[in-house]
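To start, I am sharing the structure in question, which I have written as structure tokens.
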Amino acid sequence: MDNEKLKDFILKQIPAADFEENAQYLLAIVPASHIHSISLELKNNPETRFDYLFCLTGVDYPDHMQVIYHLKSTELNHYTVIKARIDSREKPEIDTVCDIWHTAEFHEREVYDLFGIVFRNHPDLRRIFLDEEWVGYPLRKDYKDPYNMIEY
Amino acid sequence: MKEIEEQEIQELESQEYFINMGPQHPSTHGVLRLVLSLDGEIIRKVEPHLGYIHRSIEKMCEHDSYQQIIHLTDRMDYLSCHMLNEAVCLGVENGLEVEIPERVKVIRTIISELTRLSSHQLWWGVMGMDLGAITTFLYGFRDREMITDIFEETCGARLTMSYNIPGGLMFDIHPNFQKRTKDFIVHFKKKLPEYDKLLSDNVIFRERTRGIGVLSKEDAISYGVTGPSGRGSGFSCDVRKHNPYSAYPKVEFREILREEGDCFARYKCRIDEMWESLNIIDQLIDNIPEGDYKVQTRTVIKLPKGEFYQKVETARGEFGVYIISDGMKSPYRLKFRSPGFSNLSALDKMSRGCKIADLVAIMSTLDLVIPDIDR
Amino acid sequence: MNGIIKYFKDIYYGLKSLVTGMAVTGHYITHPKEIITQQYPENKDTLKMFDRFRGEVVLIHDENNEHRCTGCSACEVACPNGTIEIISKRVENEEGKKVKVIDKFVYHLQMCTMCNLCIPACPTDAIKMSQDFEHAVFDRSKLTKILNKPGSKIMAGVK
Amino acid sequence: MKFLYDFGYLTGSIHEWLSARMDPPVVTLVETIIVAVCFMILFAVLGLVLVYAERKISAFFQQRLGPMRVGKWGTAQTIADVIKLLFKEPLVNKDADKFLFNLAPYIIMISAFLAIAALPFAKGLHALDFDIGIFYVSAVSSLGVIGILLAGWSSSNKYSLIGAMRSGAQIISYELSVGLSLLTIIVLTGSLQLSTIVESQADGWWIFKGHLPAVIAFLIFMIASTAETNRGPFDLAEAESELTAGFHTEYSGMKFAFFFLAEFANMFIVAAIGATVFLGGWMPFYIGGFTGFNAVMDFIPPIFWFLGKVAFMIFMMMWFRWTFPRLRIDQLLTLEWKYLLPINLVNIVVMAFIGLMGWHF
């Protein structure tokens, strides 16, 4: 499937999806509430078959947060990037996809640990790198650690 | 009476206990901590606890310039440092849209393959040691020594080389580089069959690894297990084939795939990969084109606004650098997709029902480098 | 019957593989010439590091105790870890002009990762990587070094 | 130099000298003390020599030099290590059963002492010469497992416990193979007395006289005895990469050194038994018809023949250890119960038949 078809496919699933142009992969921005349904569809639809989630990460923007899913289909050999936009920075929540791709289990724990994004229905959502007692989410842009961080 | 007996039996059967394997343990290769639920010697559950050397490299990168990021990647997967350097450089070069000279591409590829070889040699030695054959460790290091000497002469360091810079290489290759590399190939082609004699063909080794820690292809894809570990399960994931970079489009090599998905398949994949690496170096070492060893970039590199994803194949699997740039001198967000992190997530799946000794074998064949996992 | 044949085959191939393995180690114990150990402190005289080996940053001084550092701080900016600190002062030169010269070139070896970013950054080639690798000291404070020798001054003509 | 060929002269003259001065019970007491002191010295020397040998041999297998710093060629390295171990703090785990924890290393040492007492070192150099010698030696040498089990149990460490349990399963099963492979030769000697077994090999060692079954029995003995000493590919009780250090994880200082020493002493004991039963003890190597050659062989004192054979056996064990990967516990038991034991039983029947027909030399 080429990028145009994929774009149509995603638009059919989520009419509210936004697309970023001129990127390396097809880049779709979808609302956070749709992520589980679109992921399931992308994984199971015989036309897309995105069975390999090779990167999952979060980004903190001043007014919203994103969880970014890099997908590849190992059979059909095409790529796409789904960005789930979470509007709340105070209480960010999104559905887990680790029932669809097992690798998401660790990656989502990492994103939870460093960004504070809560993944609903995640089987074991704990901090992965930092202590359970750690205060704050270090990869957020407003994170302050006067002891360990040197301000430039 | 009978009820009581049944109750007793049930109580006896459900005696699970926990063992902390690590953070200081000889076979977790660093500071990985595994909490094992055991039933006798049989593993019911493995729960990795990470973060003992989490250094927040991603956060540090958000404050560093693109040149400065490179030396941080050295410290993640120190055994395939050159490939990680290369990943960042390729990502930045992609963003800057500079065309790098052929010479740089070829040298990068040769050094990448040498790094892969040295990583696999160390892995082979440690794999033997984990299974109780301590001598392999020394033999692995003996052959690795020649490669580190090559690196030291050309790149200036043995392990954390920082040989790449955005736009090319730190120095040109040393005049002795080609000769030394050829010497090494001759030497190693003699020594590599010894690896088979000592370990691969050994009946104890085969019994210890065959049918242990089986990971199906579907699971490998779902868990994102890449590199030789994934290819041992039949998951064709070699970035050098699927998304070729540097000089890989020009060379001929096989992607090693095996179907069994057990420890032995993963082991054999790595051994065969060493032959392929030798093969790649053989093709390139005499054909290093003349030219510049770098293109001049600005002192302050500013990537255009946008995002860039660059994959490379490290010794452990698919390494990704995901740069989100907002046009400033440091990236807005930089994510390292490290192969070890995903590979580790499949450990629980693979090792349930195995014995403690098998867990050690499985971990060895996953070839974990803890800084790569923790970052 | 097949089971019995397989049983003895297993034993035969098993023993054979073990003997092959022992032949490899046996080869090395009978060939002590192939020993690769380097006896480090004893071989100090013959041990020569490669020219490009990155040991530590040094400020090059010539025989007149002159260096080429102008105190421009390019290396300080290039350094990722804050390893280099340049403390400069303003002095009057012979023509009566106030110029910036280095007071102290502070080098924190304990923070240095030998990434070699400072060397190409230097516009006057004042610093280089030395091949010295024996950095161990008993006191951490000894790792903070002042690279410009006392009484040294900038080479004439270096701007 | 006469006593080198027959220690009877030396021991006899000491006995006469003592008898001339003391009452018989006192003489016995003094002689016992002398023998005990000799064995203690032997133990210490064995420990020093074998640890050094293991280090050097493993180093040469691995293309290294091994210890080179302390003394010429590192010969004093073991002494330096002993001094270091003596000065180390003896740590005891808080929850450990202190009595058993402290007892365990001594049990292992005592079992090694008991076994070494019955070994025939050379002609006339034989502390205890029972008529059930070989039975006694194999019985006592397996007492050591009690020490290992105690150590593992009392340390209150799960790694130790797993190691101890593994060791228990391992030694109990491999005891059978050791016993049966020795029995294969005893079928021919018709005696359990070690001195008689040695004497019966004056015209040739059993490994040569007993045809193929003796060779098979020797191989099985080598494998099983390596397993019994918890060494080499069978070091599951320690299993450094799995159980950190197995049953002696919690031990430090001199108590650890006892375990360490006992491992080498046990190695010496099984090697000595193997040398005695299969390789003719202190008997020299003869080739029938070569009178000149045999005379040269006779010239070498028996004690050196014995030590040489023991050294050969120990070298083989070290060779195993530094070449092979470790077995898993179920494979270890499979090897014993599915391979070694059936082969051994068939082997005994064949050997008995050979002995019955008088086909052996």
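A, B, C and D are the chain letters, set down in written order, and residue numbers restart from 1 in every chain.
Heads up, the rule we're going with is that a residue touches a chain if its C-beta (ideal position, glycine included) is under 8 Å from a C-beta of that chain, and two chains touch if they have at least 3 such contacts.
Predicted model only: the values in this text are computed from it and were never measured.
**Q** Tell me, which chains sit next to both chain A and chain C?
**A** Output, common partners of chain A and chain C: B.
**Q** In terms of C-beta pairs in contact, which of C-D and B-D ranks higher?
**A** B-D
**Q** Where the centre means the average of the CA atoms, what chain is farthest from chain B?
**A** Most remote chain from chain B, centroid-wise, comes out as D.
**Q** Rounded to the nearest whole Å, what is the centre-to-centre distance of chain C and chain D, using the mean of the C-alpha atoms as each centre?
**A** 50
**Q** I'd like to verify one number: the distance from the centre of chain B to the centre of chain D, where each centre is the average of its C-alpha atoms, in whole angstrom.
**A** Distance between chain centres: 44 Å.
**Q** Need the CA-centroid distance for the pair chain A / chain B, whole Å please.
**A** 25
**Q** Just curious, how far off is chain D from chain A if you go by their C-alpha centres, in Å?
**A** From the centre of chain A to the centre of chain D is 64 Å.
**Q** Specify, in ascending order, the residues of chain C that touch 2 or more different other chains.
**A** In chain C, residues 18, 21, 24-25, 36 touch at least two other chains, as defined above.
**Q** What positions in chain A touch 2 or more of the other chains?
**A** none
**Q** What parts of chain D, by residue number, touch at least two of the other chains?
**A** 61-64, 322-324
**Q** Using the contact rule from the top, write out all pairs of chains that touch.
**A** Every pair of chains meeting the touch criterion: A-B, B-C, B-D, C-D.
**Q** Considering the complex alone, what residue numbers of chain B touch chain D?
**A** The touching residues are 17, 19, 25-27, 41, 128-135, 138-139, 142, 198-199, 202, 204-205, 207-208, 355-358, 360.
**Q** Help me check something: in the complex, which residues belonging to chain D touch chain C?
**A** Going through chain D, the ones touching chain C are 57, 60-65, 68, 319-320, 322-324, 339.
**Q** Please give the residue numbers of chain A that touch chain B in the complex, ascending.
**A** 22-25, 27, 51-55, 57, 59-60, 68, 70, 74, 77, 81, 101-103, 105-107, 110, 114, 127-131, 138-139, 152
**Q** Would you tell me which residues of chain C are touching chain D in their complex?
**A** That would be residues 11, 18, 21-22, 24-26, 28-29, 32, 34-37, 39 of chain C.
**Q** Given the complex with chain C, which residues does chain B contribute to the contact?
**A** Chain B residues touching chain C: 64, 67-68, 70-72, 74-75, 135, 142, 145, 152-157, 160, 162, 170-171, 174, 194, 197-199, 201-204, 206, 299.
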